[in-house]
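Here the chain labels run A, B, C and D in written order, and each chain numbers its own residues starting at 1.
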């Protein structure tokens, strides 16, 4: 038994209408365990239960052995001493996890200094080295509020892993990262088991699971539906859900119905946009149009200004130069899905209250809500909770529900499905495409998954990389 | 040579005797031409003797020999006259005397009057007439520092609260035993009492009634109390339609529970005052009993005679007009608002609705001037100088054409009384004077242009290790030069 | 299936109180009950004096004892609570409402408006509050209104500053942006986004603000300003009874105790359970 | 609908440190003018005869009468038109001349100098003491909202806030002077004299600042970044020092600037109770005696003190919260 670095026996989590069934796992030095599964199936809660950081109202039960020491899962305080030194957790919401008043590099350096015990100078050097390794040399001097989603993700990763803990739990470490960055992070994650540590990863990216190897567990509605070596589970899943999960990888999606001929006026037109942020020029002389019903994909490395572009189109952020024209007559027609869903909600109110507010404000038809919720796979129970009390994926779908109720004519979807499992992702995007077509809503979709963009977008805009160049490529040339 | 620390409520406004002379006089820094004796009668001070001319128009004050100021300069008639001239230029006690000129003549200071004024020496005992050295005045005639002739000299002064003095070795009189002393102005009675208890102060003046019993039980302190010629009175606007009739004023007076106020509020049953002048003022005192001065029934009758009838709310009414009055008072003396509150309730029983307005002391004279004052509650000092006549002349004898004295009668005049006062002003014969004094007191007590409520007493808590302490009933001096530390 | 989502929550339902708030509400209710029931149950006159029965220890006839003029402390305290509570709440409201409003406006609009309002607040802050209060009292002597208004003229800045600083950060947050895009107006944004974040600080300030107003009255009384016998007011009662702190400490303790209960109950009411 | 978005730049001087100082300097001037004008207008519109008031202030209530008032009126030329007096004051102010006190006849500046020194000493000591007492307690209480320390400190803060300053001062004198004999009861001159008045003020200040700190800390301690700093492995102490204090300090310090409102109210009481010759005490006397130059001077000095103080507070916040710098 003591040869295990991390072992959980009959770990259960209970709370008000939440039950995560007994979960067991054992990780030897060098072991890797990857949790896949439906959003809201309890992956994050399991990670938190192991750490001992479950939110109020939820309790864990079961036995844990961490690095040879036995713990009672219900006793949350006993594991504190392990944090950072032997047990590291990369939280799911990096933007929230960073101190808003401290520069990125200091947040990493302090881990080196106080956890790993390096001296001040060495810590700072190590922090800069980490940033460079993660492709963020310019982010060190920024405050979290000035980082893009993917940048924050990596900074948090560096800060969490600087202590050199042998057991690492990473909750969706690669969401919001483009392929090269994702691979780099996977490589970094893999170093832990290589150095005889143990790695527990939660991800929706089957590719990541495949690369990491080791054992894979597929969860659904708080139950383990399948587990086994990655090789086997990810190629020949036994369970029906596992099969569906693999089938739902974007690369296997069928292409959507093509956008028919369309001669309606553009919903958004931008001309000669330029923007400088944090001393860096993001784009110059950028022009684009989005037509009703059209789905435009935006790709580009993390931090290249995708979110910024969307904000400029919506009029939330000013452009330094250039102009944006939005179709008239749709005061509520311009909507946004946030990259970081918790940030877009007031944490103080129940979802039912927020939904009700919206219905009242715009005199919406209540009867349209339940079918839409069903299509988004949202359970009614969730409405009784506050935004902080549901999973990231659930909240994102709730955000989609909110937006769709308003019948937008232009939707800027900033990585709307990066927190969703492939099946839900596919359903959700299919729904989005369908509605876009049906309601003639132009969608600008940001994603890091080229395959996904490839599948569902009518057109793709690639934003530049470090060279600051802006390229624009039309996939389907025939668009009047 | 342990320093002495004196604490009292009064703040130091500056260096000028007209504003802060009392502090310098009490701390024995500066002296006046005339002093007082144990009985409170004028006695030689810096002037060894004085004489008045036959016509009563010229007073000659012969100065004491061998007196020097703290700066070493000798006391001359010139210096004394200059000091008095300076005092006369400022508002102060000398305003009440008809002074024509003050001159130096050899070793004598000569005061020329326009009309005879018997109580002049008494005025020259007041602290606004302190004699200061010529060097005390700057070019513009401001007092820049206090250079007096007293047994103590100023060592440090930090207005508004602190004054430090040390012994002046060339003092003409007996040298004091204590080397140095400090004066601290502490406004709150509670703090003063606590300072006495904690030993931070050796002599604490003016104790609040509530702490006196507590301090009396303290072994390390001795408590002293002395009646002083200061009286809590309220003046009445006798021209006011409700108060015109003598009977209305008498009714108000009869409704006052003086003994209750004295025992309950002032914690001194002796303080109940049925007349204006306390026993220390000799022939001015009539010896009336405060208990008999209360008669609620009689008060009701008097008002009924005047046509006042109680309405539904218990308030008196006449021709649809309610008996409503406003009493102005001030809080410089903390007991005044309390007494006002007591009066309010006692008159309410009579059916008089009284509004109490606590404000600034100056609102009484200014209300008197503009006629808006109805009732004013105050503490009147009839012993500002050894002879109350000066004050009375101001209060009741002032020329009848104006409305009366700022702190005295308002809208009231009595030719007899004015005549008596005028006689007193010129009369020097003691017998006749005391006869007249009694007459004045009696008349005032009947007509009630000013109604007495209670008498004051000066109190002090003194460190038990101090010997030789006594209270000056005229509050001219703290007598610190007579104090000694016991062995 | 449309049960949960579609039963619209009642709009102005009483806010659910947590246990702390319940205690606070109970205390406040107790205080109010005391103030309004006493004149019902006892006919003691708060101004009636009995100079022979001063500073008497509580007894059956006088449940709270008598004061330095022999007046019933029970009657006086009840009447003081009625006056002070109303005035204190009034002054808190007249400070908090403009303070919060202007703070939100300044933090929200930013730019020149923010600078102008900020300068105004700083300048008001720099005007010695005491001076304003003293002058107002001198202009309208014996008028409690003037005093309390003067006090709230000084206190609004507190709210303004706290609210402005917080609003400035919140306004830039995605949660507000999201709701704005969804078509909600400023009122909604304030109610759902700003207020929950601002409330703990604002309510804490308000709870103390009520005490500040009453204590400012006491402070004025201490320097003998604003007295108007025989009105019973909590702050003035404290100062009236101060000289008798040694003889009758229980008498002076009474208005202080009442104020303490008031502060504590408001504080408890202000406190929210952590999320 | 079309919308043209043009770039907008703000002039440099309105931002950054230099801008802040410049703005404050301008504000100081504004405050000086406002305070002076307002006090002038208000004191002029006060009911009652000024000459009588001044005479009462000068000569005491035994000696104030009409002739004293008339003498004062003549001496001070109180009959001159208000506008002239106002511009005279303004002109003098431009030359840093605050005039002479109507009561004592001393130059206002000299009197203020004496009093301000005492008040500043007292206030500084009080603020330092309150900083030692209030915020630390609040921060620790905020770490565990609703913990026992939080409850106890809440009740303690309510008690302290409900106690009028004179009651606190009295209690302190009773304990430390009368019973223990450690410190002098009242007076001034030695530094020991300042301890009790400063403590009296500090307790009331600490009551509120502890709650403000507690609220700020409770917010921080429940935030995801605070949780992350702990799971990172910083430990309670380091998390508290590096992330808790830092983030909670901003609202606390911002509040400190405002808190001085309470200080002023307390100062009057405390100065009177402890016989401390301070500016609050002087202001009350000046207003009572209608000593207009003194009122104006005192108010002016107090106002400028606030400006300085707020500048310091702003600078501190600036330094603590880098978001403000870039915003």
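Methods note: a residue touches a chain if its C-beta (ideal position, glycine included) is under 8 Å from a C-beta of that chain, and two chains touch if they have at least 3 such contacts.
Predicted model, so just to flag it, every value in this text is computed and none were measured.
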A-D against A-C, pair bridged by the larger set of C-beta contacts: A-D
Suppose each chain is reduced to the average of its Cα coordinates; what separation in Å results between chain A and chain C? 47
Cα centroid separation, chain A vs chain B, in Å, comes to 87
Round to the nearest whole Å and give the separation of the Cα centres of chain B and chain C. 45
Sites on chain C at which at least two other chains make contact: 141, 242, 245, 275
Check: chain B positions touching at least 2 other chains come out as 190, 359
Taking each residue of chain A in turn, which ones touch at least two of the other chains? none
Interchain contacts (touch definition) - all pairs: A-C, A-D, B-C, B-D, C-D
Residues of chain C defined as touching chain B within the complex: 47-49, 51-52, 54, 68-70, 141-142, 224, 227-230, 242-247
Write out the stretch or stretches of chain D touching chain B in their complex. 48-49, 52-53, 55-69, 71-72, 103-106, 111, 114, 170, 173-174, 177-178, 181, 184-189, 272-275, 277, 282, 285, 288
Chain D contact footprint on chain A (complex, rising order): 51, 53, 80, 83-85, 88-89, 91, 93, 96-103, 110-111, 114-115, 143, 145-146, 156, 159-160, 162-163, 165, 312, 315, 318-329
Chain D partner, complex, touching residues on chain C are 20, 115, 119, 122-123, 125-131, 134-135, 138-139, 141, 154-155, 157-158, 161-162, 165-166, 168-169, 200-201, 204-205, 208, 211-212, 215-216, 218-219, 222-223, 225, 235, 238-239, 242, 245, 252, 256-257, 259-260, 262-264, 267-268, 271, 273-275
Using the touch rule from the top, collect the residues of chain D that touch chain A in their complex. 1-5, 7-8, 223-225, 227-235, 238, 242-243, 246-247, 250, 320-323, 326
